[in-house]
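In what follows, a single structure is set out as structure tokens and then discussed.
Labels run A, B, C and D following the written order; every chain starts at residue 1.
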Amino acid sequence: MKVFKISPAELDTMIEQWNKVHVVYAPAMEKQAAASPDCAPGWCRVDGSAALTLLPLLTGPTLASVKPFFFPQPETLLTYTLENTRPDKGMMREPERSKDMQVVLGVRPCDARSVLLNNLPYQEDQFFQANRQRTALVGFICDQTLSTCFCSRMGGSPLDNEGLDLALSRAEDGFIVEVCSEKGEALVTGLELAPAPEGDISALAARRNAGGNPSATELDSLKGSELGTLYDAAMWQSLGEACINCGACTFICPTCYCFDIQDEVVRGQGRRIRYWDSCMFPLYSLHTSGHNPRGQKVQRTRNRFLHKLKYFPDRFGPFSCVGCGRCVKDCPVNIDIREVMDDLMHLTAVE
Amino acid sequence: MPTINKRISEEIRAQARKLLEEGEVAAVLGYGAGSLPMTVKPLVVRRPEDCSKLIWSAFCVLNLANYLPAALKSVEPPRGPRDPKHEGPLPKVAILATGCWSRNIVVQIQEHQVARGRVVVMGVGSRGMVSRRKVEALFPGLEILAVEEGDHELVVRGADFAETINRWSVVRDNCQSCTHPDPVLVDLRIGEPVSERKNPNPFKQVEEIEQQSGDERWAWFTREFSTCIRCYACRNACPLCYCPTCFVDDAKPQWVGKSLDAVDTGLFHVLRAYHCAGRCTDCGTCETVCPMGINMRLLTKKLNKDVLNLYNIEAGMEPDSPLPLTTYTMDDPEKFIITELTPVPRAVKEGK
Amino acid sequence: MSNGSVLVVGGGIAGVQAALDLANSGFLVHLVERTTAIGGKMSQLDKTFPTNDCSACILSPKLVECGRHFNINLLTLADLIALEGEPGSFKAVVRQRPRYIDPEKCIACGLCAEKCPKKVSNDFNMGIGERKAAYLSYPQAVPLKYALDPEHCIWINKPGRCGLCAKVCQAGAINFDETAREYILEVGSVVLAPGFSRFDPSPLDFTGYGRLPNVVTSMEFERLLSPSGPCMGHLERPSDGQEPKRIAWLQCIGSRDINRVGHPYCSSICCMFALKQAVIAKEHAHGEFESSIFYMDMRTHGKGFENYYNRAKEDGVRFHRARVHSVIPADDSGSLQLRYVDELGKVNFAEFDMVVLSTGLQVYRHTVKLAEMLGLELDADNFIKTDSFNPVATSRPGIYVCGAASEPKDIPQSVMEASAAAAEAGRIMAPARWTETSKKVYPAEMNIHAQAPRIGVFVCHCGINISSVVDVEAVAAHAKNLDGVVFSQCNLFTCSQDTINQMVSIIKEQGLNRVVVASCSPRTHEPLFQETLRDAGLNKFLFEMANIRDQNSWVHQLEPEKATAKAKDLVAMAVARVRSEGALPYNTVPVTKSALVIGGGVTGMTAALSMAEQNYPVILVEQSECLGGNGRKVYRNWKGDTFLPFINELTARVTTHPQISVKYNTEISEVTGSVGKFITTFSDGHSFEHGVAVIAVGGQAYQPEEEWQFLHGIDHRVQTLLELDQRFMEEDAGLKEVKQAVFIHCVGSRIPERPYCSRVCCTHAIDSAVKLKELNPEMDIYMLYRDIRTYGQRERLYQEARAKGIIFVCYDLDHLPHVSERDGRLLVHAHDPIIDANISIHPDLLVLATAIQPREQTGSLSKFFKCAVDSQGFLLEAHMKLRPVDFATEGVFLAGLCHYPKPMEEAIAQAKAAAARAAIILAYDAVPAESVTAVVTPAKCTGCGLCVEVCAYHAVSLDENGISVVTTSMCKGCGACVAGCRSDAVSLKNIGNEQIMAAVDAAFM
Amino acid sequence: MSETNNWEPKIIAFLCNWCSYAGADLAGVSRFQYPPNIRIVKVPCSGRVSENMIMSALKSGADGILVSGCHPGDCHYISGNYFAKRRFALLSNLLDFIGIEPGRVSFSWVSASEGEQFAEVVHSVTERVKALGPASRLVKQLDAVQAA
């Protein structure tokens, strides 16, 4: 792995360079202007000169996760026309897809890890894979964390570079740049960068060692526990009662990946899109027959947590949560997944 | 001397315990402590011994009326779809309510969502609830780890700072412009009544927008709603939004698309606000719960202003009066009707 | 046995109503109309009082229904020329003059009129402006068929000379050789509704009418106001087309005038007519406008009239109690000067831009001839004579009369009488019900469930009406490519009989399951095409129309390309709409053939008897222990007929009738159900199932209080009219000893708390005064009044009273009479405006003409039947003009004082009208109900009740689970609930959001 | 741009069956000419027209919308237009508030006898929409949707 050291000015130049050939995004510092409809909420397009003002980042995860770059809201699957005079009326067509490389700046380790987790169910998904192919993540490892951060508990680490293409970390007079992938490699090709001094590299390694071995051993007992016990826990009742079943947690969550598919027709032009769905919504599990297996709020609330902490790990191994703490901060009714985990742990301990 | 809210908390616990012990109600809807500074958790208490969990603070920003219909249902004896209707009186639920929430309960009664006889309103005069977002904005880049609440000030603490700020300055916009802070429906009074506020201009925020040009207003609208992620927290936290299927989920016809298209998102907010016309009490919950900090409240506030000016109605003030869109008078204003007709030269009109 | 057909003479609103009521209750009706189209006077009106409804708008649906009715044989340009036989079997001879245009062929394209070179004065517009000799009398005419005016047609008068119309008529409808035909019709009874003419003011030289162009009659003014009139609703004065800024109305022109006109009667309607015109004219005016009404008494005695009067005063209409003696030119500009003497005797001059003469009503000369031919008695004013206690019966059995031919009256009263006449005719013909009528039989309907749409599109040339502007072939080609369309073609006239027949076979051959016709307006032609679908075995609701004529080719004549593009869109929209439409049920509600009548007064008894005589079981509920109600307290009517013998006889007929059972001392405790099947529970716990209900709970006298008490209840010499009647009936000898009597009118009426006129008290008080004069001609009698409202022929009584020396003194609310007692004598102080002095009278009898109020229980009763009450507590009918005895709630009817104060003859007529309307429902085993109704998806319903609140028909309610349910039989399909529902839980069948938005989206494809 | 592209607006008109639709027919019978930009959708009553329908028509691309019913007091269904009046009063204010150009969405009362008025209303509405140019606000565009 190549490691460089750059000055803030060099970072600025680097971003300017990328901007010439790629589409570059950075976390929005405030509400974006409506003028950029090609950008997901919480992110903004970077033009070269603005690069420096975007950095340094605030402590903790970005306002919005990197999910929309891989799993856009919406993704157009197919298009068609219904115009009366067209010979191809009603025929489905693949839309033109952008092949432009997109570079996302300011990604935190927790979000980088979320892409790896989402990749597990989306291994075979051509759209996710295509987006992954053309997206490079340029991240910053966390010098500080918030009280709501709990990545370590979920098997991650604030200092980790896993999943990033370029990982930046703060050093005296600038940044250490770790090149973590081929895409990362490509991003620095052609730039005249100085290798990082050995001292900086070892200091970084020392910090990582001091952070301990990231693992979710504490929670691993959940994986082995009896589903019935967790499912029937009394805690779901009060949790479900408080939950308002909005989709805030699922939409700000980097690892929630559910979708629905719908057709939209405007003035004779149609498209089939897939867009984010949320297991919090009654419609999510509603059958055509009218039956809804998760018709109750409590059932939906339980499903979300058990999916993250039991069903997903049972199927894929890791928990479907990276501990970014966004849902903890933004849940309107203060449902705190850390407390949920505590309660479940307590339950399995009693068992 | 304990703070006002501490005293109110004590009174709530005592009264809730009494109601449950005496079997007057089957459940009490209130708040428990949150896991983060400046948060609370909505709580349904069913056992007297759990009443000690109840609290009252300046951060009780969630409208409890939103939970009332479900709480009432939860204490009813279970009934299958073919079972006969329950005979005799059904258990009651007590609920904490400030001015706006009590008015929402009135609207729920008007709209048959709540039976008046089954609710015990524990009325609390509101001194204005604090906006977590406003407090956080005062400390950019800093994480707040604790907030202590006094009667007129807040002490905000972080890892390496502690600062005292004026309480009213960080009270939510809707509370600052409120004119009816005291509950309009009270079965059990908690604390002292709060007098009506003579707010010089409750619609100031709305008027600021109205005074802009059309293009400016459109720019404001598109900017404001561009960050919406369609999580529907605003809708689901609102006690008025109780439709089993929201219009956004209709397929035939599909009123609004479901992705993040700016038009669909804008339509969702406009129509949702419109559906609250004449029913909204400006409790501010929609705005408070939005994870993206969108001020969608301005739309409902605009409608409240028009309903008041055109029909002299404020939502939820009188349980027996009809809602503005279910009634009319012969001389309702009709300024919006086209009056300036183009007198067309008869030759043109007659095709000559 | 009686013949089951009936002859109705006159196609005005009264004749049309009688024809519809009779045809709808199982009789074949021959409707004979003198002119080319039905509609009568009402079709010429702009607006109607007191609701300011557009007259044509509310009338049109009735005319269309009449024109299309399977059991109404409409004979226009026809006269009844002979009648012989007995009730039950008359032979009538009807002569029909030629129209010269075959109505079977005429498509009303108007080309004949456009090309006709002969211009004649437009009689529909009262001679203002011109029409052609080939003409349609008015745009909404029924039948919508042109005619040639034989008096003016060039060819008819000089054959071979013109004939342009025949050349341009694509349908070949012109027939110059048509001759008159005579029909001999066998009928069971005859209903006359010949209507009235307006007094011609030409002989009254003081008005200047005929010489001064800006003096017009009220009917001419009505046409000037009308949007379909000669100046398209822009008020212009005749002399120079300028907008008048000052208009005066002169009342009683040809009414209440023995001296110059020989019309002693009041025409009843002109006061309101003038008020309405003053209000509407002001609405038309731009900027400053002044209206003045010169009157003798303002007679606003009907429901809602007094309020209208008060509002007009507030709106600045000026009122002058004066008769204008001269109208002369003010200058050369066309303005007019009026000279009159005011109440104080002062001579006044006033200038106006226009003067409207409120001309009175009179009988047509030909009506008099008709009456003579039929051998009917006429009264002194040449009106057809009727009986006090049987107000629609003429002197000849089996012949009935309704409308203004028997006395001047307004529209609701005429409509009421029309229904009453239908009840009377139906009574004698009851055994022959359904014997002469015919019913169409349709083939079985194809079940299209789960079939993919197979839509057929028929595009109409409409001769050249559409095809001269729109490229109809291109439209048909466009339609062929639309989703679901399997067939499309063009037709020259889609509505012609041969195309209709062809359409039936195309539907069958092509297996079409939905049809779109692109032609004219669905308002006129949808029923025809829907009928065609049924003939082809398709449900008639699988149909849509694209209006590419009235709303396209006719209005975009200079833009053919754009009109063609628009036609394509309109067809695509109709196709999109029909695509998701489904078959709808032809809803009916089974009828329980019995009636409930609430209230055992004269009204209730009359209604009960009328239905019982048509052989329907009736339960009559009376809250007291005897029948007769208020009628038993009244001595006699203005014609001098005493009430008690009549009431006793009526009571005997009711109590002995086998079909009537009377429940005394009974009230209603619960009502469930709706039209066809109500279940009413009585206070004794019994319940009764009935198909219809008539509410006739009467009214009650106001008990004088506060400033209106006048020592009533304190001094025994102060009595109400009813108390005086009691003494008349007891033949109290003391009355002869009375030396001086004073009557105070309007006690409790026409005041802010009770802003209505009690209608009967002027007549009642004057009649009582006359009776006192009969007992003691020397008695001094003073009447303290505000306006004397002896409307219609009651005016004679007023004349008689004055002739007998009774003195009338006017008072107003600022100068109320004052009554006190001094030294054992009554003292009445009043102000006489004529001599402008206070007067004192020492009467030994003071009579108060007290108001009539609704009973207190009226409100709770109305809730049982979901009926509305007005702000005064009187029951509110479905429509003030055209449905005066119906409620908006179907199957429930009203009559008598609970509707509004009225004299007994009117209450009887109304009772019979209510019975007739109720009998229409009872005549059927099941009544049709709206098919396009609202339907609830329970899973989407929140139970918020918004739909319940906005439903004007009480058709929506919440069930025991709090979920909305629609009572289909009560739903009218307006869709207020649909638009109100936030969660889309309510939809309207075939007019759901799905269909509407599909049509909208199709416009943008 | 309207002149150069020969742009013609499309205007959706929701007309009540009993008054305004009949008024439109009368305009035809009387041959009052008006611009061909209007696409009439017949509904039973102005009270049948919901805010959702109006907004959805805008979304679909209507350059203008007209809703017309019976004059207050003349409603065939007794009170439908009174409810509509309140609904539309609030909606038109709200649309103005969010910056939808006044004149995009219009409301009128036209009776069955007001054929000329109907033509005038259409003239007036069309002129206003033409002056505004093609609708863009709250009009859904498919090509500009792909986010991020």
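Just so it is clear, contacts are C-beta pairs under 8 Å (C-beta built on N, C-alpha and C of every residue); 3 or more make two chains touch, one makes a residue touch a chain.
Predicted model only: the values in this text are computed from it and were never measured.
Novice: Contact counts by the stated rule: is the higher one at B-C or A-B?
Specialist: A-B is joined by more C-beta pairs in contact.
Novice: By C-alpha centroids, what is the most central chain here?
Specialist: D
Novice: Taking each chain's centre as the mean position of its Cα atoms, how many Å separate chain B from chain C?
Specialist: Distance between chain centres: 51 Å.
Novice: For chain C and chain D, what's the span in angstrom between their mean Cα positions?
Specialist: It comes to 33 Å between the two C-alpha centres.
Novice: What is the distance in Å between the mean C-alpha positions of chain A and chain C?
Specialist: 72
Novice: Please list all residues of chain B that touch 2 or more other chains.
Specialist: 219, 244-245, 247, 253, 257, 259-260, 325-326, 351
Novice: Enumerate the residues of chain A that touch no fewer than two other chains.
Specialist: Where chain A meets two or more other chains at a single residue, that happens at 37, 40, 73-74, 264, 267.
Novice: Where in chain C do residues touch two or more of the other chains?
Specialist: Answer for chain C, listing residues that touch two or more other chains: 557-558, 939, 950, 980, 984, 993, 997, 1001, 1004.
Novice: Which residues of chain B touch chain C in the complex?
Specialist: 85, 111-113, 242-247, 250, 252-253, 275, 322-323, 325-327, 351
Novice: Write out the stretch or stretches of chain D touching chain A in their complex.
Specialist: The touching residues are 59-61, 140-142, 144-148.
Novice: For chain C, which residues count as touching chain D in their complex?
Specialist: 46, 51-54, 56-57, 60, 139, 226-228, 232-233, 521-524, 547, 549-552, 554-559, 562-563, 565-566, 569-570, 573, 888, 932, 950, 952-953, 972-976, 978-980, 984, 988, 991, 993, 996-997, 999-1001, 1003-1004
Novice: Along chain B, where are the residues that touch chain A in the complex?
Specialist: Against chain A, the touching part of chain B is residues 34-36, 39-44, 62, 66-67, 70-71, 74, 141, 143, 145, 219, 222-224, 226-237, 244-245, 249, 251, 254, 257-260, 262, 288-289, 291-293.
Novice: Along chain C, where are the residues that touch chain A in the complex?
Specialist: Counting only chain C, the residues touching chain A are 478, 481-483, 572, 939, 1001, 1004-1005.
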